[in-house]
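I'd like to ask some things about the structure below.
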Amino acid sequence: MGTTSDKKWEPKIVAFLCNWCSYAGADLAGVSRFQYPPNIRIIRLPCSGRVSANMILDALRSGADGVLVSGCHPGDCHYISGNLFARRRFALLTNLLEFVGIEPGRVNFSWISASEAEQFAQVVKEVTETVRKLGPSTRLVKRIG
Amino acid sequence: MKVLKFDRQAIGEWLSKLAEDYDIYAPGESSQGTWQLISDYSQIDIKSGVPEKPVKNFLFPQPETLLTFSTVPDDPDAFKPREPEDSGRKNVIFGVRPCDARSISLNAMPYEKDTYYKANMEKNLIIGLTCNTPCSTCFCTWTGGSPMGTEGCDISLTEIEKDSFVARGVTERGDKLLCLATAASEASDQDIEKLSGLEKDVAISTDITALEETLKSKDMMELYNAPFWKDIAERCVNCGTCTFLCPTCYCFDIQDETLHGRGRRIRCQDSCMFPLFTLHASGHNPRGDKVQRVRNRFMHKLKYFPDRFGSVSCVGCGRCVRDCPVNIDIREVMRQMLTF
Amino acid sequence: MSTLNEKITEEIRSQAERLLSSGEVAAFLGYEAGSLPMTARPFVARKPEDVSRLVWNSFCVLNLSNYLPSLLKSFEPQRRPGEPPPEGPLPKVGVIATGCWSRNIVVQIKENQVDRERVVIVGIPSRGMVSSRKVKDLVNNREILKVIEEDHNLKVSGSDFDQEINRWDVVRDNCLTCVHPDPVIYDILIGNPSGERQVSDRFEQVNDIEAKTHEERWEWFTEAFSACVRCYACRNVCPLCYCPTCFVDDSRPQWVGKSTDQTDTLLFHILRAYHCAGRCTDCGSCESACPVGIPMRLLTKKLNKDVLEMYQSEAGMSLDEPLPLTTYNPADPQGFVLTERSEKGGGKS
Amino acid sequence: MSDISKMKNPYKPYSARLDNIKVETEDGNLKTFRIVLEEKADRDAWSHVAGQFAMLSIAGKGEIPIGIASSPTEQGYLLFTVNRAGVVTTALHNMREGDRIGVRGPLGNGFPVDTELKGKNIVIIAGGFAFTTLRATLIYMLENRSDYGKITVIYGARTPGMLLYRDELEAWQARDDVDIHVTIDREAPGWDGLVGFVPTIAGQVAPSPENAAALICGPPIMIKFTMPPLEEIGWTDDQVYLSLENRMKCGIGICGHCNVGPVYVCNDGPVFTRAQVQKLPVEY
């Protein structure tokens, strides 16, 4: 993720996807050849309930321009309620981050099922465009030397 | 050594002159006495007593880069450490109280072989400011200092009457700085008399004498096993307020940080109050209990350090007394150790 | 005429003496006088003769429940991890609790850090604690040598000044906006409950920041937190922080760096506050303990506001209600989720 | 003020390459790393005493203090036997031959092999993976065999597969100028050597304290139980040398992490006589 001044800047987005729905949705998007921007780097987790604030902030700290967290639709969680617990945590986190001045749109959440390939492509497009408009992330990015 | 007399304006002119070659830091008017890069004398707050943060932050910059290296695997010099380049810019630290100034030379003893500390000593010139009215939490005289002390300073400034200062050159490089003070005049005999009058008058009343000698004469293990540590430690919350604000707490941590092909090895202040300080990789912790850590901090300052280096590792600035969230008062600890 | 606090002090002493001499409790957690004006020290009385050291005043700013889990543990026989707790009743501990402190004890009970059976709670309806920082500001940071506390005034004096300050002008911000001054659980109550307080806008400080643009908020955040020395006093005086290994001490992975680098410091404060979400009672210990005056309480207050608005919950108000982040409601607001944008509902501030 | 430009930066490691990596134990948690300093000038300048340690430095991960397992008489390379435990040791275990690391040292005092120990009968008692600096010591003594009297080694591990330096142990056992007792904790198939804990074997072998010194390294519990049988036959605390371990950062007596009361393990140690250790708080 080195900063390259000579090349045109492209947003880098870290996507935390749950194994059972959103990751499968991303997979289906690929198989179905839905075009979406190549700006996301996917990290697969068992459940959106596994995504902690530490991980999201670590992505920002390491220079990610945006973060997408995506899980199953409420009610469809493979572990019955993982995403319902997570939903409360995410709501509080996103509000807190905006409260300290992180731009709205840096950290995003979505519910995408295994069959929603088109929606997945759509969300990635939307997030990429939002982050592109925001420009490179500077807040909470660790700088050394 | 030079002895000059300044009024406010002359100091202002002098500092403006110095600012051409140095970055000048002083307790800031707008920041409740924390150190600020200043460009104008009017920004300086010399009334507020001991500044909130100790002068050690200039000698142990936070963080201090020890080494840098590349982490790009293709780079033939990958992971080969280099020393960081020095900008060459020097600082003048203005308004350092005698306690803080003294901490610089006390800390220099364990840092004898440390090139970074030595370089920082050369990089920072200290303009001291003596204390005409010590605070109630001050006890520098207990620990071998004095409100009028000059140890660790390059120049020592004393306000002999309102807005009128006498500056004494303490070191050669201090004298060189004073040579740039064109608006100042030679101090008269009268001024010097006033100065020595203050040296006699300004005092901190105490019944504590020979703290160092008495502590050194005590048996180390007897003090270590004293029962009072448990009472002192009971309310301690094991935060690092005392250690981070203490001018003579000099312990540090070394950390590696890497990002995007670049890496650095830094050191940062660390606190023996934290369990992590002594934790082994095996999980064993030689100072796993709060009372052990509290005892270690005081024993280090008041017994181990004087036994090794001759002085107690405390300058009596009173910051820990003032800012400890649970009011652990090192003066009481000293009394307990002295009478044990 | 004795002041209210003197009367409360008397009452605390007699209750503590009764509890200790009857053997009902093995220790009594309270406050004793400090060595400087405007300080009070957490103190554990273990013998009936210790109780004369107990005091109560407006400078008892640290939340005593912070000491409860470790104090209780100190009376348990040592055992290895996984070993069952010993049979039979264990010694009890008496503790003073105001409104917020008692709510923290409730949180601790719910999080299995404190056994309700082992604490004797001496409740005291809080009149608000004083911020020594505010007092110092009011006297232009001159050195304060003596403070005499009356019921509604503080008589503050230094070497060259005497000043009388209205107590309410220097009460801490969290106490000014507190609506639950009375203990929610107690075994003994000292004084009379004052009932729910009416506060015009308890989240005023939070609202002021929310009203800013994100650029302004970032500027405020970085500026206000820049003096942090990473001493972790805010964490260590917090009764919610009892993890054996804090996230800042994790090495694999290392979530935050250890120096006072801006990013690492800010991450520490964001995550520390976030870990208190739904559990914080706004007791103000963190802010009172901070040696450099960082307003970290505003972060937890923001979370408290959101928890109240979105989940209608306030930490530690009852032993029956689950903590808000340990439960969910299928109809929780989710307007912040991209794929649910069309829906109505909260989630955005 | 001394001229800094003439001072040596004590925090800058020598660059080195991993020359050879050998898995020592059956659980794979102990490996011996043979390293070679990259610069000839550094190789020439290097000189250590058995019992000293060095900070192994992996840029990006950090530094760890590790006892030097090679004897000063083994020229051209250094050996370090490392147990995988934390961040840096794990990173080291994941490295390959040819990779670059750093070495800072030698640090600490080492065993007094050229002073107090000279001319004495030597008893080396080691348990588990604490044999490393004692290997260095033993090899040094065997190279200078005439400087010492009778040499007895008692070395124990949990199982045969957990013994370090097995090839060398066999070679030493074949020599007649050193008395080697290798033991494992419990009977194991294929093992026909001694069985029993190190303290028990030490009691049975019972070397005479007459003009002798014992060098003991091992887990604290082993040291604790080894002392009584030795004391029974007249050993005193000032004849017994121990090597302490603590968390370290700087390795040169400044940073404060490794102190045991007034002493710094890194600079005043790591080797202390038991008599010295007895006068210190138990903070190790």
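For clarity, chains are labelled A, B, C and D in written order, and residue numbers in each chain start from 1.
By definition in this document, a residue touches a chain if its C-beta (ideal position, glycine included) is under 8 Å from a C-beta of that chain, and two chains touch if they have at least 3 such contacts.
Keep in mind it's a predicted model, so treat the numbers as computed, not measured.
Enquirer: I want to compare two interfaces, A-B and B-C. Which one has more contacting C-beta pairs?
Expert: Between A-B and B-C, the larger count of C-beta pairs in contact belongs to B-C.
Enquirer: Farthest from subunit C in C-alpha centre terms, which chain would that be?
Expert: Between subunit C and the rest, the longest centre separation is with D.
Enquirer: Return the distance between the CA-based centres of subunit A and subunit D, expressed in whole Å.
Expert: Each chain reduced to its C-alpha mean, subunit A and subunit D end up 50 Å apart.
Enquirer: Distance from the CA centroid of subunit B to that of subunit C, rounded to the nearest Å?
Expert: About 32 Å separates the centre of subunit B from that of subunit C.
Enquirer: Please output the residue numbers of subunit C that touch at least 2 other chains, ranges allowed.
Expert: 257, 261
Enquirer: So which stretches of subunit B touch two or more other chains?
Expert: 253, 255, 257-258, 263, 270
Enquirer: Please set out, as single numbers or ranges, the residues of subunit A touching at least two other chains.
Expert: 142-143
Enquirer: Linking chains that touch, what shape results: line, ring, star, complete or other?
Expert: Shape = other; not a path, cycle, star or full graph.
Enquirer: Which chains touch, pair by pair?
Expert: Pairs satisfying the touch definition: A-B, A-C, B-C, B-D, C-D.
Enquirer: Could you please specify the touching residues of subunit D with respect to subunit B in the complex?
Expert: Contacts found on subunit D: 1-2, 4, 7-13, 15, 57-64, 85-86, 89, 100-102, 245-247, 249-250, 252-257, 259-262, 279, 281-284.
Enquirer: With touch defined as at the start, can you tell me which subunit A residues reach subunit C in the complex?
Expert: Touch list, subunit A to subunit C: 53-54, 57-58, 61, 74-75, 81, 84-85, 87-104, 108-112, 119, 123, 126-127, 139-143.
Enquirer: Using the touch definition up top, name the residues of subunit A that touch subunit B in the complex.
Expert: Result: residues 1-3, 62-63, 142-145 of subunit A touch subunit B.
Enquirer: List the residues on subunit B that touch subunit D in their complex, please.
Expert: 66-67, 69, 71, 78-81, 83, 110-111, 113-116, 118-119, 121-122, 220-221, 224, 250-256, 258, 263, 265, 267, 270, 272, 277-282, 286-287, 292, 296, 299-300, 303-304, 307-308
Enquirer: Would you tell me which residues of subunit B are touching subunit C in their complex?
Expert: Going by the criterion above, the answer is residues 32, 34, 48-49, 52-53, 62-63, 133, 135-137, 234-235, 237-241, 243-245, 253, 255, 257, 266, 268, 270-271, 274-276, 321-323, 325-327, 329, 331-332.
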